[in-house]
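Each remark here refers to the structure printed beneath this line.
Naming follows writing order (A, B, C and D), and every chain is counted from residue 1.
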Amino acid sequence: MQEKLVDLKTAIASHVRDGDSVVLGACLEPEIPFAATHELIRQGRRGLNMIAPISDASTDMLIGAGCVSEVTGAWVGNVSGGLGHNYRRAFEEGDAPTIRVNDYSNFSLGMALLAGAYGMPYLPVRSILGSDILKSNSALKLAKNPFGDENEPIVLVPPLQPDVAIISVQRADRYGNNHHWGSSGLIAEAAAAAEIVILIAEEIVAPTVISSDPSRVLVPGYLVTAVTQVSAAVHPSPMTGYWRRDNQFFNDYHARSRTQEGFESWLREWVLDIEDHGAYCEKLGASIAALRIKGEAFSAPANYASV
Amino acid sequence: MQEKLVDLKTAIASHVRDGDSVVLGACLEPEIPFAATHELIRQGRRGLNMIAPISDASTDMLIGAGCVSEVTGAWVGNVSGGLGHNYRRAFEEGDAPTIRVNDYSNFSLGMALLAGAYGMPYLPVRSILGSDILKSNSALKLAKNPFGDENEPIVLVPPLQPDVAIISVQRADRYGNNHHWGSSGLIAEAAAAAEIVILIAEEIVAPTVISSDPSRVLVPGYLVTAVTQVSAAVHPSPMTGYWRRDNQFFNDYHARSRTQEGFESWLREWVLDIEDHGAYCEKLGASIAALRIKGEAFSAPANYASV
Amino acid sequence: MADYSVQELMIIAAAREIADGELVFVGMRLPITAFGVARLTHAPNAVGLFEDGIVRYEPATDMLYTMGDPPNQQGAAWTTGLNPVMAQLQRGRVDAGFIGGAEIDRYGNVNTSYIGDFKKPKVKLPGSGGAPDIAAMSKRLMVIVNHDTRRLVEKVDYVTSPGYLDGGDARAEAGLSGGPSVVITDLALLRPHGDDHELHLASIHPGHDVNEIKEKTGWELQLSPDMVETPPPTTDELAALHTIDKDGFWR
Amino acid sequence: MADYSVQELMIIAAAREIADGELVFVGMRLPITAFGVARLTHAPNAVGLFEDGIVRYEPATDMLYTMGDPPNQQGAAWTTGLNPVMAQLQRGRVDAGFIGGAEIDRYGNVNTSYIGDFKKPKVKLPGSGGAPDIAAMSKRLMVIVNHDTRRLVEKVDYVTSPGYLDGGDARAEAGLSGGPSVVITDLALLRPHGDDHELHLASIHPGHDVNEIKEKTGWELQLSPDMVETPPPTTDELAALHTIDKDGFWR
């Protein structure tokens, strides 16, 4: 098997280009690889199209740092604090919005990524009907159900196949095989849909750990382009079995990003003036240690023996 | 939570009616609940529409026993032996076929059950193009891709929502919550699509065993109508971690079912003259014990602790 | 009579909207607490769905900041993807769902996207999340908002989540069944009335009056013929709520 | 020169069709053994896909009667559903797939459904399984059949799995790319020729001749201009095969 283990800087530098469409996170609130958000900002990536139903405050950070020209998703804000101030400023200041939004609902975006993952020409849905999302996102088409009553309306959702999906998992081997547990949002669909998959693993484990439970694999290693090991890459978001949510950090970000100046000072402090995720965790100090889940509540074993 | 544990006879008697569309198995080769096949035959169910991509020899048995008027699927035979003799006889003897077949490929049937599971109006696919399945199954429609080049053909697959799905899992609790591991064919889609779900569990376990690993749940208990515990219900098919395949039994069935008389004698011996699955296992005697998987190859634990 | 806060009353009013055995999109904060109260009182078999890809019987007992927090994962009935959970809406299995909103209009349409013209909005709100899906495809929609004329408006600037659209048959003609069954505010409950489906004043919370509520509503609010006063929380309801809200967050 | 059976030659010919790193629908019996030989020789990074919902790097070492047997589950790269595995075909990720058939015609169309009229067939075959999906959506299709005029026919009674249909542009016009790249028989390899895509005789297995093969083919078989003799198994190829086929099943 092909060795795919690299460090985060290399993974981002090698596989994310200006102008790419990028899924980063896509688990809604948990397991958003903020370490990759920060690295994209540090490397000065521009013109990204961020695809996700909800990736908590990550998209707002990337917008504020000037990395984003387009958002394809259902919600951009700060789940703890509410509004995404950079997102607002991109729309409310100046003569015209500085970013373009392709409006989806969570489910229609889920269907778009499923269609992308499964190579479907499109997916018909019974949602979006009656919503002005049909007006603001011209990619979605109103149509009639050819199997329904004469005038039964449906909405056709075209597939999304992101250039890159950057996804957090609890553990992976050096060949990119991996395990994920807990709610998964749209990460399985995003990984199967994307051209390039960058995995950010909390732990790198022996291949036999992954192959001991092939039903827990999120995406098989042959579809993974690069795997990188970064502990607490998800901070301040939570990770099932590893990290609790740093709610205060989200609230602080919300408060400081209320003004452009405040955001810029936050960005310098927590991203630009920081070398890498190791230094970020050092700066967090005791607060990150306090967020680590120390308890044990293990899954009941499943036997795969064949004789 | 609602108690859902009943015995197999009661589950079949209460929830499968003449004329129902039924998914039984749908894992292709493994984990087909033959105990339910036999019980449907013993209870004399008639006019069933059997839905499955492949359910090894189960469908052929039900056809031979006169339970089936319609087959909706991709393949009916005997994976060890080849042809399904009862299936052949239903077509080749007499003036007209005695059963109707709705031809699908594995993938298009997978899409039909996914559409049923997800409540989609239909699903467009890029398969079936060029196949005579479009001629023999008029439920599938040739169409143009509204998002593609002007003349790009696609095939529209309508949803299937079976009346009943009868599905094998390794373990369940008395409320119908369950775990499944190993390849799952279309059982997840079938369970989510069906109106009624009957689970056949190799083991009944404490609810805490299931809730220790909510990512291994095949279908949550609130969607399950009845759960029944039958060890080796899948015999002669295999079950990951529990039972090896009884290849000789499939070959014997294939040889004996070559003639109508031979099939009838097989049916009396292994189904009609047998009271229940316990008696069936007793009759198998040492051969069933030899098929039990005795090794241990356990999944690496996943931690769900939250503090 | 027991003492209670207006938020506690709203939670209990929301809990009463959940029937036993129902599948409910629960969301966070007030509705998830309402779900817990319902389970502990009249609806022990209700099931809670979360868009992250979580289904729960028992609500989590530890503090949650978001749906995806570890206490909501541990001991869940199912942890899976967004699609398998939200698709149950489209499959017709979901009885009800709670959503909030920045604006709601007389026909129960909800806006969480744009104030002003969507091409150059005055305010860009975070967006839809899963609310349009819950609004379009659950059998009943429950909306929770604070009652003021900025929020309860004649017509929303942008329909993120469809209510009865322009009223009458408009929702059915758009291809949707279901629709809002109640709007729960800090002052009252509004419910759709008759074939027109306009939201009428159905229940006034204790201590408030019709004129105050009309003044704080952005359309000419009609009174339901069977208007009542919202029954105050019972001892059992409050006890259930206090079991869940140990720290008195809602008091 | 090493001794080998015709089945061993077919397996090794099939193995040579798999390039390193390719995703291949492997099926059972002869092709799964060919996959194992390819992995042990020139294609160590080939990946095997199985319709049950299984993906493997290393082939199972214990005896398999079917794809879903426990040894194919244990140690797999992924065990999941049929849809996530087969959808990779539609996503355009699958390089090649093996299928068999009761009938194949001059344009590589395969019948595994009905002999005679499908409304009242002379013989009802088990049906398609996943073969139409592999035939329609993999980049290359490899068909394995025994060589006789009952199987290699002018025109199949029923196109279960599309090859080049009526030849020429017919497959592209039906909306399909890909198509059969080789038919592996016990006598020869046939490959599609030129723009017409008719199957021509491309390689003759050692010990057979053109006349014999033409006689056993149900259409006027043309010879490929670059026709060769099938190279016999190399020592390495046979050694790899014997590593897998410990019991000499294929000898």
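Everything that follows uses one rule, which is that a contact is a pair of C-beta atoms (placed from the backbone, for glycine too) under 8 Å apart; a residue touches a chain by one contact, two chains touch by 3 or more.
Keep in mind it's a predicted model, so treat the numbers as computed, not measured.
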Exercise. Quickly list, by label, the chains bordering both chain A and chain D.
Key: B
Quiz prompt | Chain pair, B-C or A-C, that carries the greater number of C-beta contacts | solution = A-C
Quiz item: When the C-alpha atoms of chain B and chain C are each averaged to a single point, how far apart are the two points in Å?
Solution: 40
Quiz item: chain A to chain B: how many Å between their CA centres?
Solution: 36
Exercise. Find the geometric centre of each of chain A and chain C from their Cα atoms only, then give the gap between the two centres in Å, rounded to an integer.
Key: 28
Quiz prompt | Interchain centroid distance [CA atoms averaged], chain C/chain D, Å | solution = 57
Quiz item: Could you say which residues in chain A touch two or more other chains, in rising order?
Solution: 119-120, 125-126, 152, 154, 181-182, 184, 214-215, 240-241, 244, 293, 297, 304-307
Self-check item: Touching two or more other chains - residue numbers and ranges from chain D
Solution: 54, 69-70, 73-74, 79-80, 83, 87, 89-90, 137
Exercise. If two chains touch, include that pair; go through all of them.
Key: A-B, A-C, A-D, B-C, B-D
Quiz item: Given the complex with chain B, which residues does chain D contribute to the contact?
Solution: 50-54, 65-70, 73-74, 79-83, 86-87, 89-90, 113-114, 118-133, 135-137, 158-162, 165, 171, 174-176
Quiz item: Mind pulling up the chain B residues that touch chain D in the complex?
Solution: 27-31, 53-54, 56, 73-77, 79-80, 82-84, 87-88, 90-92, 96-97, 101, 103-108, 110-111, 114, 125-133, 135-136, 152-154, 181-189, 237-238, 240-241, 244-245, 247, 250, 293, 297
Self-check item: chain C-touching residues of chain B, taken from the complex the two chains share
Solution: 1-2, 117-120, 177, 192-193, 211, 214-215, 217, 220-223, 304-307
Self-check item: Interfacial residue positions of chain D with respect to chain A in the complex
Solution: 23, 45, 47, 54-55, 57, 60, 62, 69-71, 73-80, 83-84, 87-93, 137
Exercise. Quick one: which bits of chain B touch chain A in the complex? Just the residue numbers, please.
Key: 119-126, 141, 143, 145-148, 152, 154, 156, 158, 170, 179-182, 184, 205, 209-210, 212-216, 240-242, 244, 293-307
